[in-house]
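First the structure, in the form of structure tokens, and then the observations on it.
By letter and in written order, the chains are A, B, C and D; residue numbering begins at 1 in each of them.
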Amino acid sequence: MMSQDYDQDKLAQAVADGIYARDNTAKAMGIEILEAKATSTIGRMTVREDMLNFHGTCHGGVLYALAGGVLAYAINADNRAAVAQAGTINYTRPAHPGEVLTATAQMVNQAGRSGIYDVVITNEKQQTVALFRGQSSKIKGESIAGLNAKFGIEDQ
Amino acid sequence: MMSQDYDQDKLAQAVADGIYARDNTAKAMGIEILEAKATSTIGRMTVREDMLNFHGTCHGGVLYALAGGVLAYAINADNRAAVAQAGTINYTRPAHPGEVLTATAQMVNQAGRSGIYDVVITNEKQQTVALFRGQSSKIKGESIAGLNAKFGIEDQ
Amino acid sequence: MMSQDYDQDKLAQAVADGIYARDNTAKAMGIEILEAKATSTIGRMTVREDMLNFHGTCHGGVLYALAGGVLAYAINADNRAAVAQAGTINYTRPAHPGEVLTATAQMVNQAGRSGIYDVVITNEKQQTVALFRGQSSKIKGESIAGLNAKFGIEDQ
Amino acid sequence: MMSQDYDQDKLAQAVADGIYARDNTAKAMGIEILEAKATSTIGRMTVREDMLNFHGTCHGGVLYALAGGVLAYAINADNRAAVAQAGTINYTRPAHPGEVLTATAQMVNQAGRSGIYDVVITNEKQQTVALFRGQSSKIKGESIAGLNAKFGIEDQ
């Protein structure tokens, strides 16, 4: 691969802006993207009343949607379009209404078209709420059309 | 274990009614529980605009939330309170806005406190959209307080 | 896709024979392939002393190797070369030395290059010992070179 | 929990010695435990001819058995007996006969009886061969009987 003359973190931020503009789910859930870098992404969400299960704690499906929501930014950070292929979540601690959750995604491995990314969800006390591992697959095209040209990326 | 003189499917339905009354997430997502039996549960949801990812298809996190949403009913069907411990989803086909998705949960194994449940999400053409496998853990108490007495269940 | 004029189960058996001839791990573990069909494969293995963990029961890694061993036959049954991409196993019951374990693989979904296959491991009492779900990916070429020509398969 | 006056890494090493003495699978596979600490364990194995699949590379089941083999040491490092409940492996790169593989296990989370541990398998070039995540569950008793008394551990 050629050396990359562009700023990969700036590209990741531009991709994140482009994704967020069309990310209905993130907006509906109140997920904010605090940081979007080449190999890590941080999102934040407050647990709302409409996100609770019948025990009165944050629904496990919502926790997954938060992790998977941030994952989408992480796997597209290089502007090579990617989709989630699979995800696994382990629940370690309940989250309660009003709590602010932080989801931190890290690229663990990217080989060929396949990627492995971890997301850790923590609460305000830095306690781990859930551990997520996702698998991604690169498809054809740019994540956000036009960004390659803007960043002077000729071939990916 | 004693022979059970009560109707296990009726118990499952009563538990489902009790869960649904407090299941904010299911209501917010428009998930309906079509069938709640002792070893299987069927839920249904229409893909809405606020459930889309930036590709314009149903967000993978929403698909998980649908599967995990139905899972909660399945793992509590015997009124022994259970929580989801982990879940894995594999995405096989995109779902589009307006499509009606059906999530069918089946108990695969229940041994001691640990359970394994599969959920298949299909679209209106019976095509598989996602395959989910969840792990549950029994905690103390009834899922819905009072149902054991109502069904004449003495000891679980 | 064209209608297939050849016997898909016979192809699966021919592929299995070709794989087994070179499957050092299956031979070393004493895995026998009892049945190899287009959408299901059955393998069998006896738990040996050198397969035990420090508790004196069958090592979880060995159980996975049995499931993953049978998986290889299942994902190649159509003679389109495939590799395992990921696997998850849930342990439900210990297996003891001398027990004969049966691993039954079923194709759950095959879409494009990606497949999902389930393997259930049971003991002689038909009790479930472990539940496995594997993900496969088609690569280029035949699983066993020459079988396509022999079966009159022109294009896959 | 009381402050611990004993050396937790020394305990982990003593547990590892006790496990290894009875770990038939590790011995049969030629797995060596290079390091056993309270929160990390390192194992090593050379890929042998009897560990190959029909492609001539290390069998995925063997890679899992290596990861799961090292996991057993990691989840028992505090001498509270633990068993593996589930494991997931993602394959990222083939391993070849003669290659020396290193499996490094790290405790990610331990809450109540449930633990999450990651294992990374790398080859001699420090390339990632597989990524494993395991779930453990504490059962009653010591991992290695007598070690608590020897280390002056009164209550766990």
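Just so it is clear, a residue touches a chain if its C-beta (ideal position, glycine included) is under 8 Å from a C-beta of that chain, and two chains touch if they have at least 3 such contacts.
Model, not experiment: these values are computed from the prediction.
**Student:** Using C-alpha centres only, name the chain that sits farthest from chain D.
**Tutor:** The chain lying farthest from chain D is B.
**Student:** Indicate the whole-number Å distance between the mean C-alpha point of chain A and the mean C-alpha point of chain D.
**Tutor:** 30
**Student:** I'd like the Å distance between the centres of chain A and chain C, where a centre is the mean of that chain's Cα atoms.
**Tutor:** 34
**Student:** What's the distance between the Cα centroids of chain C and chain D, rounded to whole Å?
**Tutor:** Each chain's C-alpha centroid was found; their separation is 26 Å.
**Student:** Can you tell me which residues of chain C touch two or more of the remaining chains?
**Tutor:** In chain C, residues 85-86, 88, 90, 114, 135 touch at least two other chains, as defined above.
**Student:** By the document's touch definition, which label belongs to this structure's chain graph: line, ring, star, complete, or other?
**Tutor:** Looks like everything touches everything, fully connected.
**Student:** Within their complex, state which residues of chain A touch chain D.
**Tutor:** 88, 90, 92-93, 108-109, 111, 114, 116, 128, 131, 133, 135
**Student:** So in the complex, which bits of chain C are touching chain A?
**Tutor:** 85-86, 88, 114, 135
**Student:** Under the definition above, what is the set of chain A residues touching chain B in their complex?
**Tutor:** Listed in rising order, the residues are 18-25, 27-28, 49-56, 59-62, 64-69, 72, 83-91.
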